[in-house]
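Below are two complexes that have subunit A in common, paired first with subunit B and then with subunit C.
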Partner chain A sequence: MSSPPFASELDLQLCHDCGQVCQSGAIECPRCDALLHHRKPDSLARTWALLITALILYVPANLLPVMYTDMFGSGSENTILSGVIEFWRDGSWDIAVIIFIASVVVPCAKFLVLGVLLVTVQRRSRWAMRERARLYRFIETIGYWSMLDVLVVALVAALVQFRALSTIEPRLGILFFGLVVVLTMIAAMTFDPRLIWDAEINDDRHA
Partner chain B sequence: MTDTPEHNAASSAGHPEIRQRRVRISLIWLVPIVAALVGLSMVVQSWLSAGPQITVSFETAEGLEANKTEVKYKNVVIGRVTGINLTEDQTRVVATIDLDQGTEPFTREDAHFWVVRPRIGASGVSGIGTLLSGAYIGADPGQATETRREFLGLEAPPAVTFGVEGKRFTLRTGDLGSLGIGSPLYFRRIPVGQVVSYTLTGDGKGVEVQVFVNAPYDEFVTDDTRFWNASGVDVSVAADGLKVNTESLSAILAGGIAFRAPNYSPNAMSAEEGREFTLYNNVRQAMAPSDGPPHFVQMRFDQTLRGLNVDAPVEFLGVPIGQVVSVKLDYDEQSQSFPVVVGAVVYPNRLGDAYDKLLERLGSDSEQDTVRLFQLLVERGLRAQAKTGNLLTGQLYISLDFDRKAPAVVFDANARPLTIPTIAGRFDKLQDQLQEIVDKLSRLPIESLVDNLDGSLSELRSTLKQVNADVLPQLQRTLEQSEQTLQNANQSLAPDSPERQELGDTLREVQRAVRSVRVLSDYLGRHPEALLRGRNDGAAPGSFEGGATSRELNSEPQP
Partner chain C sequence: MQPQLIICEHCDSVYQRPALTPKQTAHCQRCGALLERGRHLTTDQLLALTVAAAILFMLANAFPIVEISMQGLSNEATLWASVEALAEGRITIIALVTGLSIIFAPALQIILLGWVLYHARGGRIAPGFRTCMRALEHLRPWSMLEVCLLGILIAIIKLAGMLEVHAGLGLWAMAMLTVLIILISGRDVRDLWNELQVPVR
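And now, the complex of A and B:
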């Protein structure tokens, strides 16, 4: 195998903050005094915990209404999905698709991808490591798209306040949804993608 | 193989660091636990706060939307429509409603649900707010102890909502007229309540109108109170002029009921809830003394009854005691005739004291006694008769009169309806009598009469001939003689006849004699003593002198 040597084989580790290469025995980075870890500390457990929390919170985020719209005295509360359906029925299929992607597809994709990554890493699987690494980068990129919903509700609730004519108020669901987005983002951040490749080392050693 | 971070850390830093990590592991797992707890608590809370679920069926789901339409009581949201479906037979709409916690009174059996939509009626406009906001479901809690989950939604708001103080009463009437739910109820022209609902009676022979009288006016509904229909305008033309009577403008449009107790019942008690009253057609009927129970009677007439209409009065000795309700033809096989069967309703109570006294003789006031009363009257000669009420229009009415000459009939006390025997009307009697006269006339021996008359006339003629021939010439002669006699008399009375002359002389003598008597009386008047002593001068009065004229007499006695 023509792959370069692993840092652990050279007794080296990387400072997470400044990128300095340090001795693996060192506790603090000699340059920026940050604590040194061979890998992100407790990465799997933290990611799991955050992912599960996000999953739990995703249930009320979808069941509870996110927005209360009051037009000419007729008030109605919408959950995320009912909003999507309403937009779709009204003919604004483009907006419906955007909202659906931002608030349903992206979070679900994150759950799936993170779950798959965590399981495969724990099993030290060597299956499609390159693709998994790419997936990880992908979900890190799209992670904050889901904040679109939260932003829309925040903006609309702040702008549309015409007393009797029409009022829009945020509801509890959007808080949960925001938490889901933030938690999945943190989960993605706490996950150490280098763990994907660690399986390679062990297998090599094993071999 | 064992070249993991854990291994390195364990070898370089010792056990305490590992423990710290284990503590950190448990800490991070607190996050999902807390999230799960929050989620669980929300589930538990929503489960605890969830009220009962009910279904309400409506005619139409117009304005209703699942998850949007609210259920309100006194404008407080108490629930929400969560689903709208059709019934299995597709005739109605079933709205599933999730009520909030603590709304058990709305699941009681007599709770009401209705859709609040904008409504414009004769009695006002309601639900304007729902024009913009969309319909909502109004709810009214009930008082019953039984609860249920399936309700029948009202199509219009109930007229009386829960908690309003007052009393409900039931009014019985023949037809609804222009009344409707929400029609006002007036007491001395003050609106004090309204019509709550109306139903057809079980046998379909009348309408029961439920009314609600608000407190404190419900006190004024006494056991003796009369209700009448105050709808529309009552125009009557009477001897004292044109009368227009109405309650209020809204009663003209929407109909209304008025009530009042008669003035002659001062000690009446306030009526209890749910009492039944009769709804009269107008004030006059309502205020009239009670008619009592009606009795249906039947009469068979063997004559044409042209001019007898339904509602024609039935009079007993001139007192109206009922009216005709049906006029029908029947066929009698035996006599092969078409008798007219007249059905009528009579109110014996209208006879007043007479009825009371008659009943006193018979016993208590019951159906049997009334029948016996009729039997008694019929045995005494009570007969029905169709009489002409109006000679111009030929309108007939039924008159119950005693006819002592009427042939006796058998009164069947068990027959229903009671049958009152009839006799022919007065005009028909007159007709019969005329017929009799004509018959008698036709029986007269006119031909022999004429023969006799002819003989008599010829005799008369011969008599006249005789008269002409014998009597008349004699008469002429007699007349001539009498004329002669008169001529003689005339001659003797002529001015130059000696008889006339003598008569004149005689009269002159008499004149003179009378004059002298006057002179004597004058003298005696002046000298009454002359009767005893005689004349003073001894001379005879001048008038006694012979040949003296009246002129001489007048100038003579000058003392």
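And now, the complex of A and C:
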């Protein structure tokens, strides 16, 4: 079974916005006017920058409290992890697992996978290309579930507002955490999975 | 230029466009990514679901999502109130992201789809068709109603231990809206480019 030709070998390129097959070298898509590019511009540099920024912000996101709870005069602050542990102790292990996956496993998986993809692409590695392509699609699909904790805090803070008795307020940690989610989402969008396959083409025309 | 060709967006492989029956899918030989899906909803069906989504969107935003009560006091929260709860002090920017993901992105998706599909139904290319379709492509990743729905359920369980919690009317609308958005905001609408034979310059 012969493998299908690459678009660049046929002097074609894809419009990402409407799926039109365009001639190489065209600047705008003739059908939808979107800007065309052979590969996403500066894909590697931009993805690295976004990924490292996200990684740095992930530290305060975990260390700073995300929520302040005041119940009958006794206040306490919760970080993401202490919230998970609290759920676990209360016996809601299922909820603890869901929040742990959304807030810890998913972001860490994104850091790891994007890091591995960036390094292997830079080394023009031909190792496990199909699997790496699948990993990329996987983190692209699951990435936005990390917003879960931000939405939970927003709703709980909007609900529990009984001035004297009890209040729940968002804290600075949720800002950092939200930024991590947004940055890793943009990082995944900036990475161009076609770079994985450029290792198959011998000449050096990657972005 | 060559409507009979398609290119895999994940690895740049070129294929002849396959003829697919509804529910059939075509995957890339080289990287395994989804190339194309047989269309399962017609323009009429998409438009009908979009109208239903618009009505549910209004209900989901007009009525409280969750109501709580404690020692005779009660409180309720709408989607908008949740966004507002984040809009205080130094963390305001995260309220913008939240507002985009649970209110503005779904709203824009419904409006743009309604506009494009309403015209497509009469075989016409809507004014601003190109801009609408491109906006829809870029909105898709930021629309997060399903995450919000899971978030609401978790918030309910979290609070149920401390006080009385009731699901509001908005929650039911929101649950149905989430399903509809998943159905209509997929890639089906991309077929309009070919169906309406949008001219190439």
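One rule holds in what follows: the second predicted complex is superposed on the first by the 201 of 207 C-alpha atoms of A that agree within 3 Å, B and C clash if a C-alpha of one lies under 4 Å from a C-alpha of the other, contacts with A are read in each partner's own complex, and residues count from 1 in each chain.
The definition used in the following text is that a contact is a pair of C-beta atoms (placed from the backbone, for glycine too) under 8 Å apart; a residue touches a chain by one contact, two chains touch by 3 or more.
Treat the numbers as computed from the prediction; the structure is a model and nothing was measured.
After overlaying the two complexes on the shared chain, residue contacts for A:187 are found with neither subunit B nor subunit C. When both complexes are overlaid on chain A, the residue A:33 reaches subunit C alone and has no touch with subunit B.
In the superposed pair of complexes, A:199 makes contact with neither subunit B nor subunit C. When both complexes are overlaid on chain A, the residue A:42 reaches subunit B alone and has no touch with subunit C.
Once chain A of one complex is fitted onto chain A of the other, the partner contacts of A:90 are limited to subunit C, with no touch recorded for subunit B.
In the superposition on chain A, A:8 makes contact with both subunit B and subunit C. With both structures placed on the common chain, the touch criterion links A:23 to subunit C but leaves subunit B unconnected.
Of the two partner chains placed by superposition, only subunit C is touched by A:145; subunit B is not.
In the superposed model, C is the one of subunit B and subunit C that contacts more residues of subunit A. Residues 8 of subunit A are contacted both by subunit B in one complex and by subunit C in the other. For subunit A in complex with subunit B, the residues that touch the partner chain are 8, 24-25, 27, 37-39, 41-42, 45-46, 49-50, 52-53, 56-57, 59-60, 72-77, 82, 183, 201-202, 205-206.
Interface of subunit A with subunit C (complex): residues 1, 3-8, 10, 12-14, 16-23, 30-34, 71, 87, 90, 92, 95, 98-99, 129-130, 133-134, 136-137, 144-145, 147-162, 165-166, 169-172, 174-175, 178-179, 182, 185, 189, 193-194, 196-197. In the complex of the two chains, the subunit B residues touching subunit A come out as 1, 3, 5, 8, 12-13, 21, 24-25, 28-29, 31-32, 34-36, 39, 42, 65, 67-68, 70, 129, 132-134.
Within the complex formed with subunit A, the residues of subunit C that make contact are 1-3, 5-7, 9-15, 28-33, 65-66, 68, 70-71, 73, 75-77, 81-86, 88, 90-91, 93-95, 97-98, 101-102, 130, 133-134, 137-138, 141-142, 144, 147-148, 150-152, 154-155, 157-159, 161-162, 190, 193, 198-201.
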